[in-house]
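Mind looking over this structure? Questions follow.
Here the chain labels run A, B, C, D, E, F, G, H, I and J in written order, and each chain numbers its own residues starting at 1.
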Amino acid sequence: MLFHVRMDVRLPHDLDPDAKAEIIAREKAYAQELQRSGKWPQIWRIVGEYANISIFDVESNDELHTLLSGLPLFQYMDIEVTPLAKHPSDIKD
Amino acid sequence: MLFHVRMDVRLPHDLDPDAKAEIIAREKAYAQELQRSGKWPQIWRIVGEYANISIFDVESNDELHTLLSGLPLFQYMDIEVTPLAKHPSDIKD
Amino acid sequence: MLFHVRMDVRLPHDLDPDAKAEIIAREKAYAQELQRSGKWPQIWRIVGEYANISIFDVESNDELHTLLSGLPLFQYMDIEVTPLAKHPSDIKD
Amino acid sequence: MLFHVRMDVRLPHDLDPDAKAEIIAREKAYAQELQRSGKWPQIWRIVGEYANISIFDVESNDELHTLLSGLPLFQYMDIEVTPLAKHPSDIKD
Amino acid sequence: MLFHVRMDVRLPHDLDPDAKAEIIAREKAYAQELQRSGKWPQIWRIVGEYANISIFDVESNDELHTLLSGLPLFQYMDIEVTPLAKHPSDIKD
Amino acid sequence: MLFHVRMDVRLPHDLDPDAKAEIIAREKAYAQELQRSGKWPQIWRIVGEYANISIFDVESNDELHTLLSGLPLFQYMDIEVTPLAKHPSDIKD
Amino acid sequence: MLFHVRMDVRLPHDLDPDAKAEIIAREKAYAQELQRSGKWPQIWRIVGEYANISIFDVESNDELHTLLSGLPLFQYMDIEVTPLAKHPSDIKD
Amino acid sequence: MLFHVRMDVRLPHDLDPDAKAEIIAREKAYAQELQRSGKWPQIWRIVGEYANISIFDVESNDELHTLLSGLPLFQYMDIEVTPLAKHPSDIKD
Amino acid sequence: MLFHVRMDVRLPHDLDPDAKAEIIAREKAYAQELQRSGKWPQIWRIVGEYANISIFDVESNDELHTLLSGLPLFQYMDIEVTPLAKHPSDIKD
Amino acid sequence: MLFHVRMDVRLPHDLDPDAKAEIIAREKAYAQELQRSGKWPQIWRIVGEYANISIFDVESNDELHTLLSGLPLFQYMDIEVTPLAKHPSDIKD
């Protein structure tokens, strides 16, 4: 079941540089692990913004919230979730 | 080069039913032809809305505008285009 | 799997009164059938508005879109879907 | 008398971790006590957000404000209240 | 129990003048009857707009929706309801 | 001459508790003095928000600004003023 | 007593050309009469828009609403009124 | 003196096709004449929208309004004007 | 050439009181000097807000930006500029 | 390939003055280098705002994001990118 997710990162300006580097590294590892598992099949950078648009493929709303709230940057992000359905013009099975 | 495109369809309520059926059929054929060509690799329905979220893969801004303005429903749609870049956490090459 | 759905009805002012009565009757029958099936467990009127807030309980995003796009008033409504998850403070199992 | 309430939590980034843990624990206890009393019959997490959608069942506007302004997190939340009425298509008595 | 209600009237430009005069007369009679009953204690015109701000005093959300949806102009209005509570600085009993 | 005023209080999270208590006490005294003078005939709490809706009765725009800018919490509030006129359906003289 | 007023004109596209010319002529005569009376001391066109920004000088809110609702184009305009007060840095008496 | 102008075209759906073709041809001729005169040095299509972003180079606000309100499509467009100044980092003289 | 300018002041809550008094005094002197020069012919306080609406009379966009960016409070203000043209109903020469 | 870019600078009020001067100098050097390279052919100041409107001329979305995210002020800016296409009325080749 697919969901469209937009994440906007708002890091506080006074975040300690080491803490910032560490949390960003953890975020990247977490995102790549979910990509490898197939749960997070797509991620794109929005040009000019510290933001991404992603597609998640999960079993349920609860699973999606668990994945998103586990993001190391979760407390610093605005996240907007849009549920997706198959489009009648889609040629993929 | 990838672009995120959201299309919201606003058909006038007094559109002739035959004209409506005909234009929707042409829209579907057009969308499927572009999918087969690889220019429109993804299309999803937004749950509960007469709208889609799509990914386009084109050579240039001009090509994208040509494709979108050629949509049979173009005059009845609000379209919002967001340019995408590779995300540093993306594991795909 | 629960979804929060807000529906705002925008009937055209020049809709034929008989057609209007007929479509509203079909909408009511459709809504009550889905309530009886357990798919649409809650529906409330928003005070002062021709709008409702509802809870749907479905198996998937696709099922939800099928149910919503089948509403007789679908073409006259603005619908906004919000996926829900279990709240950690919820005392129900 | 039912009210739809949406609460968005905005904790300051520099809140002391112990103070944060303590206030969240008090919030949970408070929410569960109101659920047990029947005043707060429904609470759901909005997927991807530090926010909830709830249904309150109270005797009056004053009672609802007393309950909401007593939330331990009240000063850190944006709260939006929508009064609900019985929907004419509702099949429950 | 008090509610703050804002009503914005949007009459279609092509409404028949007699039908318009008749519905406005019925609206006025309805509004004055509710004022005399004590249910609609305050009504003010917003300067420069075809809109009013009103205070309603009712027993319940359901009663308020019944009163508002019975307005002859209901189908031509955008209505926004805000529940009110006693303010701690209010000097009236 | 009547004005509708909405005030939203935004206290900084790091305000000293004693300073906060003192300024809130001064705000209350100021509001009650203006109510007794007849300049501020109505004040209501918006349910679920640290905000009020008020009616002011003043001689001029300048007098209203003097009263509002003298509020002890003025620097911490967003204030929105709407001028009111007599409504043609109002039954009061 | 001064008020800032912004008026945006939204003429229906299907308005009869003669009726349109006649109402615009009446609007102009009305606006010029109020300017001569001193009630409407300033009127400017917003560049690129069918809109104006004006200053009104009236005795009361009721007088302002009477003047604005008497505009021949009133039913075709969105009007926004902002009350003005003397600025402490203003060097005029 | 430079101005940034965004124009969004909103043609009524029921515009007569011949009238539509004629007005669009006049719009194009008008735009090209102003480009040749140097008053309208830049015009770009916004990808996916029936809209343009333009730069105008005029002597005064009045001249700009005269040019814009003379557009054949003026009554069918939303226009937003932003005055531009020289940027301190601009390397052009 | 006239411009409509709205300025909203957002002073940080933790600004040093002496620095605050000093910058406000400089702002007032600057505003009065520009009024005396004829560049800033009108300034009004918006009732209930720490904001003003002003009219500037300048030779060019560049001059206006120079004047506005020279405001002592510039870094603490949101400024919105609207270019004005002569209105066809204006009776002044 | 052209893109319209709007950048709004939001410097924290408590930024160290030396750090501020240094970062602004680096921003200027970076912007001028990109102008000389032909990648950033246009930059204008928005009158009254700490913001610019720019045109970028790049090979791809990825190149644009690399250039924008390399701006020394990137973390302090809100950036909005709009892809541009050739306008059919444009007289330039």
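Quick notes on this structure:
Just so we're on the same page, a contact is a pair of C-beta atoms (placed from the backbone, for glycine too) under 8 Å apart; a residue touches a chain by one contact, two chains touch by 3 or more.
If you want to know which protein each chain is, UniProt gives these names: A, B, C, D, E, F, G, H, I, J = Muconolactone Delta-isomerase.
Nothing here was measured: the structure is a model prediction, and the numbers come from that model.
Any chain touching chain A (Muconolactone Delta-isomerase) that also touches chain H (Muconolactone Delta-isomerase) appears here: B, J. Residue numbering at the chain H (Muconolactone Delta-isomerase)/chain I (Muconolactone Delta-isomerase) interface overlaps substantially, since over half of the positions present are found in both copies. The interface formed by H-I recurs in D-E: of the pairs listed in D-E, B-C or C-D, only this one shares over half of its residue-numbered contact pairs with it. The distance from the centre of chain E (Muconolactone Delta-isomerase) to the centre of chain H (Muconolactone Delta-isomerase), with each centre set as the mean of the Cα atoms, comes to 43 Å.
Mean C-alpha position of chain B (Muconolactone Delta-isomerase) lies 39 Å from that of chain D (Muconolactone Delta-isomerase). Multi-chain contact residues of chain H (Muconolactone Delta-isomerase) (touching two or more other chains): 2-3, 45, 47, 61, 64-65, 81, 83-86. Contacts between chains form some other arrangement here, matching none of path, ring, star or all-to-all. Of all possible chain pairs, those that touch are A-B, A-C, A-D, A-J, B-C, B-H, B-J, C-D, C-E, D-E, D-F, E-F, E-G, F-G, F-I, G-H, G-I, H-I, H-J, I-J.
Across the complex, chain C (Muconolactone Delta-isomerase) meets chain B (Muconolactone Delta-isomerase) through its residues 3, 5, 12, 15, 61, 64-65, 68-69, 75-76, 79-81.
Those residues of chain H (Muconolactone Delta-isomerase) whose C-beta lies close enough to touch chain I (Muconolactone Delta-isomerase) in the complex are 1-3, 60-62, 64-66, 81, 83-86. Every residue of chain D (Muconolactone Delta-isomerase) that touches chain A (Muconolactone Delta-isomerase) in the complex is listed here, in rising order: 11, 13-14, 45, 47-50. Here chain A (Muconolactone Delta-isomerase) touches chain B (Muconolactone Delta-isomerase) in the complex through residues 2, 4, 27-28, 31-32, 35-36, 43-47, 52-53, 82-91, going by the rule given at the top.
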